[in-house]
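Next come the structures, one after another.
One chain, chain A, appears in both complexes that follow, with chain B as partner in the first and chain C in the second.
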Partner chain A sequence: MPRTDIKVQIQKESQPLAPFRDEANNQYLIDALKGRNYHSQKIMTPDNILLGTLRDGRIRVITPIKVNFTREGKHVIAEAVELDEFGFGDNTSEAIVDLQRAITELYFNLDKERSRLGIDLKRIWDILQEKILKR
Partner chain B sequence: MTQDKKTYSNVIPVLVATLVCDVATTDPSTRKKSLIGVFDRITVGEFPTKRPVSVYMKVTDAEGEYKLEMRYIQCDTGKLLAGADGELHSKDKLASIDMIVHFPPVPIPEEGRYEFQIWANNIFLGSTFIDAILRR
Partner chain C sequence: MTIKAHEFDRVISKFKFKTRDSGDLLAWFEYKGKIIARTRRSKGSGELPMQHSIRQQMKLNEDQLREAIKCTINRQGYIRILHEKGLL
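Showing the complex of A and B:
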(Lines of atoms letter the chains of each structure in order from A and count residues from 1; the text may use other names and numbers.)
(Lines give C-alpha, C1' and ligand atoms only; values in the text may rest on other atoms or scores of the structure.)
Protein backbone atom coordinates (compact mmCIF):
# COMPACT_ATOMS: atom_id res chain seq x y z
CA MET A 1 0.00 0.00 0.00
CA PRO A 2 1.49 3.30 -0.99
CA ARG A 3 1.28 5.89 1.73
CA THR A 4 2.27 9.45 1.27
CA ASP A 5 3.03 11.22 4.49
CA ILE A 6 2.59 14.93 4.34
CA LYS A 7 3.69 16.71 7.46
CA VAL A 8 1.38 19.55 8.17
CA GLN A 9 2.10 21.83 11.06
CA ILE A 10 -1.12 23.63 11.72
CA GLN A 11 -1.13 26.43 14.21
CA LYS A 12 -3.89 28.88 14.74
CA GLU A 13 -3.01 32.22 13.21
CA SER A 14 -0.15 30.71 11.28
CA GLN A 15 -0.02 29.70 7.68
CA PRO A 16 -0.87 26.02 7.20
CA LEU A 17 1.85 24.24 5.32
CA ALA A 18 1.66 20.92 3.58
CA PRO A 19 4.97 20.36 1.89
CA PHE A 20 5.80 16.93 0.61
CA ARG A 21 7.93 15.43 3.34
CA ASP A 22 9.87 13.37 0.91
CA GLU A 23 9.73 13.59 -2.84
CA ALA A 24 10.83 9.98 -2.99
CA ASN A 25 7.58 8.99 -1.30
CA ASN A 26 5.64 10.63 -4.07
CA GLN A 27 7.69 8.87 -6.70
CA TYR A 28 7.08 5.62 -4.85
CA LEU A 29 3.37 6.32 -5.01
CA ILE A 30 3.52 6.84 -8.75
CA ASP A 31 5.73 3.81 -9.30
CA ALA A 32 3.48 1.67 -7.18
CA LEU A 33 0.54 2.82 -9.24
CA LYS A 34 2.18 1.83 -12.49
CA GLY A 35 3.18 -1.62 -11.38
CA ARG A 36 0.27 -2.53 -9.22
CA ASN A 37 -2.74 -4.65 -9.95
CA TYR A 38 -5.54 -2.61 -8.46
CA HIS A 39 -8.21 -5.12 -9.33
CA SER A 40 -7.51 -7.09 -6.19
CA GLN A 41 -10.70 -7.11 -4.17
CA LYS A 42 -9.15 -7.83 -0.80
CA ILE A 43 -11.40 -6.04 1.65
CA MET A 44 -9.85 -4.29 4.60
CA THR A 45 -12.10 -3.61 7.56
CA PRO A 46 -10.77 -2.03 10.76
CA ASP A 47 -11.52 -3.92 13.98
CA ASN A 48 -12.75 -0.86 15.81
CA ILE A 49 -12.78 2.93 15.78
CA LEU A 50 -13.72 5.79 18.06
CA LEU A 51 -16.62 7.75 16.63
CA GLY A 52 -16.63 11.49 17.33
CA THR A 53 -19.54 12.66 15.19
CA LEU A 54 -23.15 11.76 14.45
CA ARG A 55 -23.61 13.96 11.37
CA ASP A 56 -26.52 15.79 12.99
CA GLY A 57 -26.32 19.49 13.79
CA ARG A 58 -28.73 19.17 16.74
CA ILE A 59 -26.34 17.09 18.83
CA ARG A 60 -22.63 16.68 19.34
CA VAL A 61 -20.49 13.87 20.65
CA ILE A 62 -18.58 14.81 23.80
CA THR A 63 -17.14 11.38 24.61
CA PRO A 64 -16.12 9.13 21.73
CA ILE A 65 -18.37 6.18 20.93
CA LYS A 66 -16.56 2.84 20.58
CA VAL A 67 -17.50 1.08 17.37
CA ASN A 68 -16.57 -2.51 16.50
CA PHE A 69 -16.74 -3.85 12.95
CA THR A 70 -17.54 -7.33 11.77
CA ARG A 71 -17.87 -8.58 8.24
CA GLU A 72 -20.65 -10.94 7.19
CA GLY A 73 -20.24 -11.98 3.59
CA LYS A 74 -20.30 -8.82 1.50
CA HIS A 75 -21.72 -6.68 4.27
CA VAL A 76 -20.11 -4.79 7.12
CA ILE A 77 -21.74 -4.46 10.54
CA ALA A 78 -20.75 -1.52 12.75
CA GLU A 79 -21.69 -2.04 16.39
CA ALA A 80 -21.74 0.57 19.14
CA VAL A 81 -21.27 -2.01 21.89
CA GLU A 82 -22.15 0.22 24.83
CA LEU A 83 -25.40 1.28 23.19
CA ASP A 84 -26.46 -2.05 21.62
CA GLU A 85 -26.90 -0.28 18.30
CA PHE A 86 -25.92 -1.52 14.85
CA GLY A 87 -25.28 -0.06 11.44
CA PHE A 88 -25.10 -2.01 8.20
CA GLY A 89 -23.60 -1.34 4.81
CA ASP A 90 -21.68 -2.67 1.85
CA ASN A 91 -18.51 -1.13 3.25
CA THR A 92 -17.20 0.43 6.44
CA SER A 93 -18.17 3.97 5.44
CA GLU A 94 -21.78 3.00 4.75
CA ALA A 95 -21.98 1.04 7.99
CA ILE A 96 -20.74 4.07 9.96
CA VAL A 97 -23.30 6.38 8.35
CA ASP A 98 -26.08 3.87 9.10
CA LEU A 99 -24.91 3.54 12.71
CA GLN A 100 -24.80 7.32 13.09
CA ARG A 101 -28.41 7.52 11.91
CA ALA A 102 -29.43 4.72 14.29
CA ILE A 103 -27.79 6.36 17.32
CA THR A 104 -29.30 9.76 16.50
CA GLU A 105 -32.74 8.23 16.14
CA LEU A 106 -32.28 6.34 19.41
CA TYR A 107 -31.19 9.51 21.18
CA PHE A 108 -34.24 11.52 20.14
CA ASN A 109 -36.67 8.65 20.74
CA LEU A 110 -35.36 8.09 24.26
CA ASP A 111 -35.29 11.83 24.91
CA LYS A 112 -38.99 12.01 24.00
CA GLU A 113 -39.91 9.07 26.22
CA ARG A 114 -37.40 9.60 29.02
CA SER A 115 -40.00 9.94 31.76
CA ARG A 116 -41.23 6.37 31.22
CA LEU A 117 -38.17 4.32 30.35
CA GLY A 118 -37.61 0.81 31.68
CA ILE A 119 -34.38 -0.26 33.39
CA ASP A 120 -32.54 -1.29 30.21
CA LEU A 121 -33.50 1.79 28.23
CA LYS A 122 -32.76 4.00 31.22
CA ARG A 123 -29.23 2.53 31.28
CA ILE A 124 -28.83 3.26 27.56
CA TRP A 125 -30.17 6.79 28.04
CA ASP A 126 -27.64 7.40 30.84
CA ILE A 127 -24.81 6.28 28.55
CA LEU A 128 -26.13 8.48 25.73
CA GLN A 129 -26.18 11.47 28.05
CA GLU A 130 -22.53 10.84 28.95
CA LYS A 131 -21.58 10.79 25.30
CA ILE A 132 -23.93 13.17 23.54
CA LEU A 133 -24.85 16.76 24.19
CA LYS A 134 -27.88 18.49 22.75
CA ARG A 135 -27.03 21.87 21.28
CA MET B 1 17.66 11.51 25.09
CA THR B 2 14.64 13.69 25.65
CA GLN B 3 11.21 12.76 24.50
CA ASP B 4 8.53 15.22 23.53
CA LYS B 5 5.54 14.17 25.58
CA LYS B 6 2.39 15.96 24.58
CA THR B 7 -0.88 15.79 26.41
CA TYR B 8 -3.58 15.55 23.83
CA SER B 9 -6.99 17.08 24.38
CA ASN B 10 -10.08 15.11 25.38
CA VAL B 11 -12.37 17.69 23.79
CA ILE B 12 -13.77 16.41 20.50
CA PRO B 13 -13.67 19.13 17.81
CA VAL B 14 -16.59 19.56 15.46
CA LEU B 15 -15.86 19.28 11.77
CA VAL B 16 -17.81 22.15 10.25
CA ALA B 17 -16.86 21.71 6.61
CA THR B 18 -14.64 19.69 4.37
CA LEU B 19 -14.34 20.09 0.61
CA VAL B 20 -12.22 18.61 -2.15
CA CYS B 21 -10.97 20.98 -4.84
CA ASP B 22 -8.41 21.36 -7.61
CA VAL B 23 -6.52 24.29 -6.12
CA ALA B 24 -6.61 25.91 -2.71
CA THR B 25 -4.60 28.93 -1.66
CA THR B 26 -4.14 31.08 1.40
CA ASP B 27 -3.74 34.82 1.11
CA PRO B 28 -0.57 35.49 3.11
CA SER B 29 -1.76 38.85 4.41
CA THR B 30 -5.36 38.06 5.35
CA ARG B 31 -5.14 34.24 5.81
CA LYS B 32 -8.30 33.98 3.73
CA LYS B 33 -8.64 30.70 1.88
CA SER B 34 -9.63 30.50 -1.77
CA LEU B 35 -10.87 27.27 -3.27
CA ILE B 36 -10.91 26.76 -7.02
CA GLY B 37 -12.70 23.90 -8.71
CA VAL B 38 -14.64 22.29 -5.87
CA PHE B 39 -15.81 18.84 -6.93
CA ASP B 40 -17.16 15.54 -5.63
CA ARG B 41 -17.14 13.57 -8.89
CA ILE B 42 -14.52 12.92 -11.53
CA THR B 43 -14.92 11.27 -14.89
CA VAL B 44 -11.97 9.14 -15.85
CA GLY B 45 -10.98 7.86 -19.30
CA GLU B 46 -9.00 4.90 -18.04
CA PHE B 47 -8.26 3.25 -14.69
CA PRO B 48 -5.96 3.24 -12.81
CA THR B 49 -5.24 6.91 -12.76
CA LYS B 50 -4.07 9.54 -10.33
CA ARG B 51 -4.95 13.12 -9.62
CA PRO B 52 -3.61 15.92 -7.41
CA VAL B 53 -6.22 17.29 -5.03
CA SER B 54 -6.46 19.79 -2.23
CA VAL B 55 -8.73 19.29 0.74
CA TYR B 56 -10.11 22.17 2.74
CA MET B 57 -11.38 21.60 6.26
CA LYS B 58 -12.74 23.75 9.03
CA VAL B 59 -13.11 22.72 12.66
CA THR B 60 -14.50 24.41 15.72
CA ASP B 61 -14.88 23.56 19.43
CA ALA B 62 -11.22 22.52 19.56
CA GLU B 63 -9.28 23.19 22.71
CA GLY B 64 -5.73 22.04 23.35
CA GLU B 65 -3.38 19.83 21.37
CA TYR B 66 -4.52 17.45 18.65
CA LYS B 67 -2.85 14.94 16.42
CA LEU B 68 -4.65 15.38 13.11
CA GLU B 69 -4.78 12.78 10.41
CA MET B 70 -6.38 12.73 7.00
CA ARG B 71 -6.84 9.31 5.40
CA TYR B 72 -7.63 8.77 1.76
CA ILE B 73 -9.56 5.50 1.55
CA GLN B 74 -11.06 3.44 -1.24
CA CYS B 75 -14.53 2.79 0.19
CA ASP B 76 -15.25 -0.53 -1.53
CA THR B 77 -12.07 -2.19 -0.31
CA GLY B 78 -11.24 -0.10 2.74
CA LYS B 79 -7.70 0.32 1.42
CA LEU B 80 -5.73 3.23 2.75
CA LEU B 81 -4.25 4.80 -0.38
CA ALA B 82 -2.70 7.98 0.99
CA GLY B 83 -2.62 10.05 4.11
CA ALA B 84 -1.49 13.26 5.72
CA ASP B 85 -0.51 13.90 9.32
CA GLY B 86 -0.49 17.16 11.18
CA GLU B 87 -0.92 18.84 14.49
CA LEU B 88 -3.45 21.33 15.67
CA HIS B 89 -3.22 23.64 18.62
CA SER B 90 -6.19 25.72 19.68
CA LYS B 91 -6.42 27.99 22.70
CA ASP B 92 -9.90 29.26 22.04
CA LYS B 93 -12.72 26.73 21.96
CA LEU B 94 -15.08 29.21 20.37
CA ALA B 95 -12.78 29.96 17.47
CA SER B 96 -12.97 28.12 14.18
CA ILE B 97 -9.83 26.99 12.44
CA ASP B 98 -9.57 26.25 8.76
CA MET B 99 -6.75 24.62 6.90
CA ILE B 100 -5.78 23.23 3.54
CA VAL B 101 -4.00 19.97 2.79
CA HIS B 102 -2.37 19.66 -0.62
CA PHE B 103 -2.09 16.07 -1.74
CA PRO B 104 0.27 14.92 -4.45
CA PRO B 105 -1.44 12.88 -7.20
CA VAL B 106 -3.56 10.40 -5.28
CA PRO B 107 -4.25 6.99 -6.81
CA ILE B 108 -7.68 6.25 -8.24
CA PRO B 109 -7.33 2.56 -9.03
CA GLU B 110 -10.86 1.84 -10.19
CA GLU B 111 -14.40 3.12 -10.45
CA GLY B 112 -16.11 3.84 -7.16
CA ARG B 113 -16.17 6.06 -4.11
CA TYR B 114 -13.09 7.43 -2.36
CA GLU B 115 -13.21 9.08 1.01
CA PHE B 116 -11.05 11.64 2.78
CA GLN B 117 -11.50 10.87 6.46
CA ILE B 118 -10.52 13.32 9.18
CA TRP B 119 -9.28 12.01 12.51
CA ALA B 120 -8.25 13.96 15.60
CA ASN B 121 -6.42 12.05 18.32
CA ASN B 122 -7.57 8.85 16.60
CA ILE B 123 -11.23 9.87 16.86
CA PHE B 124 -13.23 9.93 13.65
CA LEU B 125 -14.53 13.46 13.02
CA GLY B 126 -16.07 13.07 9.60
CA SER B 127 -15.32 12.71 5.94
CA THR B 128 -15.91 13.89 2.44
CA PHE B 129 -15.87 11.81 -0.71
CA ILE B 130 -15.25 11.83 -4.42
CA ASP B 131 -16.89 9.46 -6.88
CA ALA B 132 -14.74 8.24 -9.77
CA ILE B 133 -16.76 7.35 -12.84
CA LEU B 134 -15.56 5.75 -16.07
CA ARG B 135 -16.16 7.92 -19.12
CA ARG B 136 -18.32 5.80 -21.45
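Showing the complex of A and C:
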Protein backbone atom coordinates (compact mmCIF):
# COMPACT_ATOMS: atom_id res chain seq x y z
CA MET A 1 0.00 0.00 0.00
CA PRO A 2 2.72 2.61 0.85
CA ARG A 3 4.50 1.70 -2.43
CA THR A 4 1.48 2.78 -4.50
CA ASP A 5 1.33 6.17 -2.76
CA ILE A 6 4.94 6.99 -3.61
CA LYS A 7 4.39 6.11 -7.28
CA VAL A 8 1.40 8.44 -7.56
CA GLN A 9 3.42 11.25 -5.98
CA ILE A 10 6.24 10.91 -8.53
CA GLN A 11 3.84 10.95 -11.45
CA LYS A 12 2.27 14.18 -10.18
CA GLU A 13 5.62 15.93 -9.75
CA SER A 14 6.77 15.05 -13.24
CA GLN A 15 3.89 16.92 -14.85
CA PRO A 16 5.00 20.28 -16.27
CA LEU A 17 3.21 23.23 -14.73
CA ALA A 18 2.69 24.98 -18.04
CA PRO A 19 3.71 24.38 -21.65
CA PHE A 20 7.06 25.92 -22.60
CA ARG A 21 6.78 29.07 -24.64
CA ASP A 22 9.00 27.98 -27.50
CA GLU A 23 11.53 25.47 -28.59
CA ALA A 24 14.53 27.59 -27.61
CA ASN A 25 13.24 27.96 -24.07
CA ASN A 26 12.58 24.24 -23.90
CA GLN A 27 16.10 23.46 -25.10
CA TYR A 28 17.54 25.91 -22.58
CA LEU A 29 15.82 24.13 -19.69
CA ILE A 30 16.86 20.68 -20.87
CA ASP A 31 20.48 21.82 -21.24
CA ALA A 32 20.39 23.58 -17.86
CA LEU A 33 19.20 20.34 -16.22
CA LYS A 34 21.95 18.38 -17.93
CA GLY A 35 24.56 20.97 -16.93
CA ARG A 36 25.40 21.92 -20.50
CA ASN A 37 26.10 25.39 -21.81
CA TYR A 38 23.34 26.50 -24.08
CA HIS A 39 24.18 28.15 -27.38
CA SER A 40 21.12 29.52 -29.10
CA GLN A 41 20.87 29.62 -32.86
CA LYS A 42 18.29 32.32 -32.39
CA ILE A 43 19.47 35.89 -31.82
CA MET A 44 16.96 37.49 -29.50
CA THR A 45 17.15 41.20 -30.23
CA PRO A 46 14.18 43.37 -29.27
CA ASP A 47 12.84 45.74 -31.92
CA ASN A 48 12.83 48.70 -29.57
CA ILE A 49 13.10 49.77 -25.94
CA LEU A 50 12.54 52.88 -23.87
CA LEU A 51 15.87 54.08 -22.47
CA GLY A 52 15.54 55.49 -18.99
CA THR A 53 19.16 56.08 -17.98
CA LEU A 54 22.39 57.33 -19.53
CA ARG A 55 24.68 55.95 -16.80
CA ASP A 56 26.14 59.38 -16.15
CA GLY A 57 25.83 60.91 -12.71
CA ARG A 58 25.70 64.45 -14.07
CA ILE A 59 22.38 64.03 -15.88
CA ARG A 60 19.05 62.28 -15.39
CA VAL A 61 16.55 61.03 -17.96
CA ILE A 62 13.13 62.41 -17.10
CA THR A 63 11.27 61.19 -20.20
CA PRO A 64 12.40 57.84 -21.65
CA ILE A 65 14.14 57.89 -25.01
CA LYS A 66 12.79 55.51 -27.65
CA VAL A 67 15.51 53.29 -29.10
CA ASN A 68 15.13 51.11 -32.20
CA PHE A 69 17.40 48.14 -32.85
CA THR A 70 18.51 46.81 -36.19
CA ARG A 71 21.17 44.32 -37.25
CA GLU A 72 23.84 45.26 -39.71
CA GLY A 73 26.15 42.32 -40.43
CA LYS A 74 27.73 41.33 -37.13
CA HIS A 75 26.75 44.61 -35.45
CA VAL A 76 23.66 45.57 -33.51
CA ILE A 77 22.67 49.19 -34.11
CA ALA A 78 20.77 51.13 -31.44
CA GLU A 79 19.19 54.26 -32.85
CA ALA A 80 17.45 57.10 -31.01
CA VAL A 81 15.60 58.38 -34.07
CA GLU A 82 14.16 61.53 -32.46
CA LEU A 83 17.68 62.61 -31.43
CA ASP A 84 19.28 61.53 -34.69
CA GLU A 85 21.84 59.61 -32.65
CA PHE A 86 23.04 56.02 -32.72
CA GLY A 87 25.28 53.48 -31.08
CA PHE A 88 26.53 50.08 -32.08
CA GLY A 89 28.19 46.98 -30.72
CA ASP A 90 28.53 43.24 -31.06
CA ASN A 91 25.34 42.77 -29.07
CA THR A 92 22.37 44.76 -27.78
CA SER A 93 24.03 45.68 -24.48
CA GLU A 94 27.14 47.06 -26.16
CA ALA A 95 24.99 49.02 -28.61
CA ILE A 96 23.00 50.55 -25.75
CA VAL A 97 26.15 51.54 -23.84
CA ASP A 98 27.58 53.14 -26.99
CA LEU A 99 24.33 55.02 -27.58
CA GLN A 100 24.21 56.20 -23.95
CA ARG A 101 27.74 57.56 -24.31
CA ALA A 102 26.86 59.24 -27.62
CA ILE A 103 23.72 60.90 -26.22
CA THR A 104 25.60 62.12 -23.14
CA GLU A 105 28.32 63.59 -25.31
CA LEU A 106 25.73 65.16 -27.59
CA TYR A 107 23.95 66.69 -24.59
CA PHE A 108 27.06 68.35 -23.19
CA ASN A 109 28.33 69.47 -26.60
CA LEU A 110 25.02 71.11 -27.50
CA ASP A 111 24.74 72.62 -24.04
CA LYS A 112 28.17 74.21 -24.44
CA GLU A 113 27.37 75.57 -27.91
CA ARG A 114 23.68 76.33 -27.45
CA SER A 115 24.00 79.99 -28.40
CA ARG A 116 25.16 79.09 -31.90
CA LEU A 117 23.16 76.04 -32.88
CA GLY A 118 21.65 75.83 -36.36
CA ILE A 119 17.97 75.07 -36.95
CA ASP A 120 18.26 71.28 -36.81
CA LEU A 121 20.60 71.08 -33.84
CA LYS A 122 18.41 73.61 -32.00
CA ARG A 123 15.47 71.22 -32.56
CA ILE A 124 17.52 68.33 -31.13
CA TRP A 125 18.61 70.45 -28.17
CA ASP A 126 14.96 71.26 -27.42
CA ILE A 127 14.12 67.53 -27.43
CA LEU A 128 17.11 66.78 -25.20
CA GLN A 129 15.93 69.38 -22.72
CA GLU A 130 12.50 67.76 -22.57
CA LYS A 131 14.05 64.39 -21.84
CA ILE A 132 17.18 65.07 -19.81
CA LEU A 133 17.77 67.10 -16.70
CA LYS A 134 21.11 68.23 -15.32
CA ARG A 135 21.55 67.24 -11.67
CA MET B 1 25.70 51.82 -50.14
CA THR B 2 28.75 51.53 -47.92
CA ILE B 3 31.27 54.02 -46.60
CA LYS B 4 34.73 53.28 -45.33
CA ALA B 5 36.51 55.16 -42.58
CA HIS B 6 38.99 56.80 -44.97
CA GLU B 7 36.12 57.87 -47.26
CA PHE B 8 34.30 59.42 -44.30
CA ASP B 9 37.48 61.27 -43.36
CA ARG B 10 37.92 62.49 -46.93
CA VAL B 11 34.34 63.79 -47.10
CA ILE B 12 34.45 65.67 -43.80
CA SER B 13 37.84 67.09 -44.70
CA LYS B 14 36.55 68.24 -48.12
CA PHE B 15 33.48 69.86 -46.54
CA LYS B 16 35.75 71.38 -43.86
CA PHE B 17 34.03 69.85 -40.87
CA LYS B 18 35.84 70.59 -37.62
CA THR B 19 36.88 67.48 -35.73
CA ARG B 20 37.67 66.39 -32.22
CA ASP B 21 38.93 63.11 -30.88
CA SER B 22 36.91 61.76 -27.98
CA GLY B 23 37.10 58.00 -28.23
CA ASP B 24 35.14 58.39 -31.44
CA LEU B 25 35.96 60.95 -34.07
CA LEU B 26 33.45 63.79 -33.66
CA ALA B 27 32.87 66.12 -36.60
CA TRP B 28 30.72 69.21 -36.93
CA PHE B 29 30.00 71.63 -39.73
CA GLU B 30 30.00 75.36 -39.06
CA TYR B 31 28.64 78.08 -41.32
CA LYS B 32 28.65 81.76 -40.48
CA GLY B 33 29.35 81.00 -36.83
CA LYS B 34 26.48 78.50 -36.48
CA ILE B 35 26.83 74.76 -36.00
CA ILE B 36 24.68 73.26 -38.72
CA ALA B 37 25.39 69.52 -38.69
CA ARG B 38 27.37 67.04 -36.68
CA THR B 39 28.31 63.43 -37.03
CA ARG B 40 30.77 60.92 -35.64
CA ARG B 41 32.51 57.74 -36.56
CA SER B 42 34.01 54.99 -34.50
CA LYS B 43 37.76 54.56 -34.44
CA GLY B 44 39.48 52.06 -36.65
CA SER B 45 39.61 51.53 -40.35
CA GLY B 46 37.38 49.56 -42.66
CA GLU B 47 33.73 49.76 -43.42
CA LEU B 48 31.68 51.85 -41.00
CA PRO B 49 28.53 50.54 -39.40
CA MET B 50 25.51 52.86 -39.22
CA GLN B 51 26.13 54.43 -42.62
CA HIS B 52 22.47 55.31 -42.90
CA SER B 53 22.66 57.26 -39.63
CA ILE B 54 25.90 58.99 -40.58
CA ARG B 55 24.31 60.08 -43.85
CA GLN B 56 21.24 61.35 -41.99
CA GLN B 57 23.40 63.35 -39.62
CA MET B 58 25.25 64.91 -42.53
CA LYS B 59 21.87 65.73 -44.15
CA LEU B 60 22.75 63.99 -47.39
CA ASN B 61 20.74 61.54 -49.45
CA GLU B 62 22.35 58.41 -50.88
CA ASP B 63 23.20 59.99 -54.23
CA GLN B 64 24.69 63.05 -52.58
CA LEU B 65 26.84 60.95 -50.26
CA ARG B 66 27.99 58.86 -53.21
CA GLU B 67 28.93 62.04 -55.05
CA ALA B 68 30.69 63.37 -51.97
CA ILE B 69 32.76 60.20 -51.71
CA LYS B 70 33.68 60.54 -55.37
CA CYS B 71 34.76 64.11 -54.55
CA THR B 72 32.34 65.70 -57.01
CA ILE B 73 30.77 67.84 -54.25
CA ASN B 74 32.91 70.39 -52.47
CA ARG B 75 32.16 72.63 -49.49
CA GLN B 76 30.22 75.09 -51.66
CA GLY B 77 28.13 72.25 -53.07
CA TYR B 78 27.44 71.01 -49.55
CA ILE B 79 26.40 74.49 -48.43
CA ARG B 80 24.02 74.60 -51.41
CA ILE B 81 22.48 71.25 -50.35
CA LEU B 82 22.01 72.45 -46.76
CA HIS B 83 20.52 75.68 -48.04
CA GLU B 84 18.04 73.81 -50.25
CA LYS B 85 16.99 71.78 -47.21
CA GLY B 86 16.32 74.96 -45.28
CA LEU B 87 19.01 74.27 -42.72
CA LEU B 88 20.99 77.48 -43.18
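A few comments on the model shown:
Everything that follows uses one rule, which is that the second predicted complex is superposed on the first by the 98 of 135 C-alpha atoms of A that agree within 3 Å, B and C clash if a C-alpha of one lies under 4 Å from a C-alpha of the other, contacts with A are read in each partner's own complex, and residues count from 1 in each chain.
Everything below uses one rule, namely that contacts are C-beta pairs under 8 Å (C-beta built on N, C-alpha and C of every residue); 3 or more make two chains touch, one makes a residue touch a chain.
Bear in mind the structure is a predicted one, so any value in this text is a computation, not a measurement.
Comparing chain C and chain B on the residues of chain A they touch gives the larger count to B. Contacts of A:V61 after superposition on the shared chain: chain B is touched, whereas chain C is not.
Touch criterion met: A:L117 reaches chain C, while chain B stays clear of it. Once chain A of one complex is fitted onto chain A of the other, the partner contacts of A:N91 are limited to chain B, with no touch recorded for chain C. With both structures placed on the common chain, the touch criterion links A:I77 to chain C but leaves chain B unconnected. Looking at the shared chain after the overlay, A:E105 reaches chain C, while chain B stays out of its contact range.
Of all residues in chain C, those touching chain A in their complex are 22-24, 26, 31, 33-38, 40, 42, 49-50, 53, 56-57, 59, 86-88.
Interface residues of chain A facing chain B in the complex, by the touch rule stated above, are 1-13, 15-16, 18, 20, 26, 29-30, 32-33, 36, 38-46, 49-53, 55, 60-64, 90-94, 96.
Residues 12-15, 26, 28, 31, 47-48, 50, 61, 68, 73, 75-92, 95, 97, 99-107, 109-110, 113, 115, 120, 122-127, 129 of chain B are the ones that touch chain A when the two sit in their complex.
Those residues of chain A that touch chain C in the complex are listed here as 72-73, 75, 77, 79, 84-86, 88, 101-102, 105-106, 109, 113, 116-121.
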